[in-house]
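Read the structure below first, then the notes.
Which chain is which? They are A, B and C, in the order written, and residues in each are numbered from 1.
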Amino acid sequence: MALRKHQEQQTQSPVPDDWFVPIQKNDSEAEAVVRPSLSYWQDAWRRLLKNKLAMMGLFFLSFLTFMAIFGPIISPHTVDHQDLVNQNLPPSSEHWFGTDELGRDVFTRTWYGARISLFVGIAAALIDFLIGVIYGGIAGYRGGRTDHYMMRVIEVLYGLPYLLVVILISVVMGPSLATIIFALTITGWIGMARIVRGQVLQIKNYEFVLASKTFGTKTGRIIRKNLLPNTMGPIIVQMTLSVPSAIFAEAFLSFLGLGIQAPLASWGSMASDALPVILSGDWWRLFFPAFFISMTMFSFNVLGDGLQDALDPKLRR
Amino acid sequence: MEKVLEVKDLHVSFKTYGGEVKAVRGVTFDLHKGETLAIVGESGCGKSVTSQSIMRLIPEPPGKFDGGSIIFKGKDLTKLRDQEMRKIRGSDISMIFQDPMTALNPTLMVGDQLTEGILQHMKVSREQAKKIAVEMLDLVGIPSPHIRLKQYPHQFSGGMRQRIVIAMALVCQPEVLIADEPTTALDVTIQAQILELFRDIQKKTGVSIILITHDLGVVAQVADRIAVMYAGKIVETGTRREIFYQPQHPYTKGLLNSVPRLDVDGADLVPIGGTPPDLFSPPVGCPFTARCPYAMEVCDRVYPEKTTLSDSHGVDCWLQDERAKKLLASR
Amino acid sequence: MLQYIIKRLGSMAVTLLVIITLTFFLMHSIPGSPFNEERATSEAVQKNLESYYHLDEPLYVQYFLYLKSVATFDFGPSIKKSSQTVNEMLGRGFPVSFELGMVTLIVAIFSGILLGIIAALRHNGIIDYLAMTIAVVGISVPNFVLATLLIQQLAVTWGLLPPATWASPKHMILPTLALATGPMAIIARLTRASMMEVLTQDYIRTAKAKGLSPVKIVFKHALKNALLPVVTILGSLAASILTGTFVIEKIFAIPGMGKYFVESINQRDYPVIMGTTIFYSTMLIVMLFLVDLAYGILDPRIKLHKKEGK
């Protein structure tokens, strides 16, 4: 009887009898963690490497830095050497980027301009960072009344039209590199201070900080492991993005005649000098400063965007 | 009993960075007129995907419909053009989502959001639509609806917002109402009120409800029938009585044992060990094998066919096989 | 609401006072400025200056008298053009600059939003990549560079459009294009990002579940919410457009206030610099205020009077 029933079952389904035995289980396999654990910075770097546009920007900026340092050295011409016989020459083997209306070598001047632009951009960003972190950090950390008044000051300053103030300061102090950087940072730090304050306020109350404290973790470790990764992201991004705006402002000022003065060269002043001759078709005068200033701003912008994506802890995957 | 909706062998997958996730793998069930069918399961089992597939609200890409049919009023919803589907959404079948705090548009007046569905599906004037909206708010228990229509979502509490969301789903008198975790985001006291509201509305309108939830307490209160879902498949279906008193699938039993009970003295809370399988490469056999205390070789190799225990009770499990019963008996 | 407006007006007044004070004392601190030394200005000009700035009074009296005249929108005489006052220059130049700025702002807002929406709806498609490439380039190329490139190519090489001045609608195309591209790119990027975020919101799914058409979902449910962040940056965009008019007017020889301003900078015509700075700052501050008000009206969740605690 039992046998017959067995046979019936087998015609219904082709599953062999000997599969009906308890299974051998491997418990460790079920609990395995697939994802390798990477530190925050490793992970961010890995994601940045994947971003082609950002890597392109980084590559261009490395190239630019290299040429800013060595370009004027490898060139046989100096930045202010006037050669009135060779005025407005198109690019040639002697003058790779051509010459300007005073016969100065555009190649040398372009890399000299790169020095100015990079210096202004990075110096302004660093000073903004320093002031912003101190101001925003104090406001955020102290909170309460201190924070209230510090924010009111920011509110008033925020209403100041940035470039107008910069122009005003440049007019008053007379054109020089120091003036430009001073003028740029006088309102430039506000954005950074706001971001830092926001970050500090937010993170001060984060539950994981509290959690670390209850576990008895040392303060230094809390700062390094928890606070830094979570605050540095937006700050680094803000810094990266404030470089191109400083570079733009310098070029803008130089273009208006308030920036770098002859015989020194800046991309802005070179573009400004090229203005009268574009009608005569001397394209190289405008092209080189225009190209490099645009490429530099482009590179910093895409690098900033890339960093923003890479450093966002919420986007980790 | 009259079937309003038939889902047959539904397959849905999602493309992700890690590969293709097979979220729903051959789901079949019917919805009868005027009943409440609860689909239960833990998060990630595919119950929400199933419900959104019925409404064709799965974003494509990354989602992908891989086969099966959804028959509503003799039409296969999976084969309708977008335009035809839009006529069904909100008028014949409507849906309520989990979080009432985010389900309403924060910058539009509540009245506007209520009437737009009416104006979309019914040939009525703006005034009539407003009248219907007022009636609906009244039905779901919102006091002074005339004034409330001109307010914005942030002026309502969570429970009130869920009532508005329910009113919004009911304005066109749908035949099927899909409620995806409608009470999960609410306080317990509000939960009870909302569930009471569901029962009340069903009595008044005769709407069929599909209730998606992981909360067996909610299921016990309102469901007529229950479908238990695990790893993209429905592993057991039955009436509320059958599922709660004669659960057959080890997963169903596990679910019931992991719910705190006050009515049974000294009942221990038994969690189900392990985690659901990775649906990037779902197991060939029964997906519960790795966590099942009764697992056999066969479970790992072949997915069990459905065993019908009664008109309403069905289960996908090898333990229903005579040979398994013999094995258990011999132990 | 009223309380908020009063509070904001107060803070605006403080900002303005800071600007006027800063401008006044900075200008008077310049060695060799006409306020300190009686220098090579013509006698007529010097007379004008003395009567307007009360140079014979002590500095603090000068300051308060200057505040008083600025409050009545009287910015005094120019020192380079003896027959002119700053007010006259503003009266002639500002309408032109205002026209350029407004046309630019409108072009930038509409094209930026349109580009952003299309990119968001065609997310990760070719159109999206194209639009975002245009946007990044637009942000990266400074407006004065773009202006000169446009003149070189469209006006000089191909002769399609007039290279300078503000005589007819045809003349307006190149300057507007040069000035609008940057702000447009910023708006497009912001619109795209916020539109994509909004489209994943639950209320969009609710709207879909109601059976609304995609057009209705985008324009009735998504757009307003997506544009809220765009509104917040309009103030600073207006500021950058305004300062942009300085160089654009210089390059295209447009007889606007920006051109006068640049000239006054190069000629060290201090009263004009002061007057223009204060006038433009006032405009920008009012603009920021209007943008905030607009935001409060657009977003029903924000009750402006509740904001005071922050």
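FYI, a residue touches a chain if its C-beta (ideal position, glycine included) is under 8 Å from a C-beta of that chain, and two chains touch if they have at least 3 such contacts.
Chain identities (UniProt): A, C = ABC transporter permease; B = ABC transporter ATP-binding protein.
Not measured: the values here are computed from a predicted model.
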item	value
Result of counting contacting C-beta pairs for A-B and B-C, higher pair	B-C
Central subunit by CA centre of mass proxy	A
Identity of the chain that, by mean CA position, is farthest from subunit C	B
Subunit A and subunit C: spacing of chain centres that average the CA atoms, whole Å	25
Whole-Å gap between the CA centroids of subunit B and subunit C	54
Whole-Å gap between the CA centroids of subunit A and subunit B	47
Touching residues on subunit A, where the partner in the complex is subunit C	152, 155-157, 159-165, 167-169, 171-172, 244, 248, 251-252, 255-258, 268, 271-272, 274-275, 278-279, 281, 283, 286, 290, 293-295, 297-298, 301-302, 305
Subunit A partner contacts - residues on subunit C that touch it in the complex	11-12, 14-15, 18-19, 22-23, 26-27, 29-30, 136-137, 139-142, 144-145, 148-149, 151-152, 156, 163, 239-240, 242-243, 246-247, 250-251, 262, 265-266, 268, 273, 277, 280-281, 284-285, 288
In the complex, subunit A residues that touch subunit B	5-6, 9, 13, 15, 17-23, 25, 30-31, 317
In the complex, subunit B residues that touch subunit C	55, 57, 86-91, 94-95, 97, 99, 102-108, 116-117, 120-121, 152, 154, 165, 168-169
Subunit B-touching residues of subunit C, taken from the complex the two chains share	201-203, 205-213, 216, 220-221, 224-225, 228, 298-301
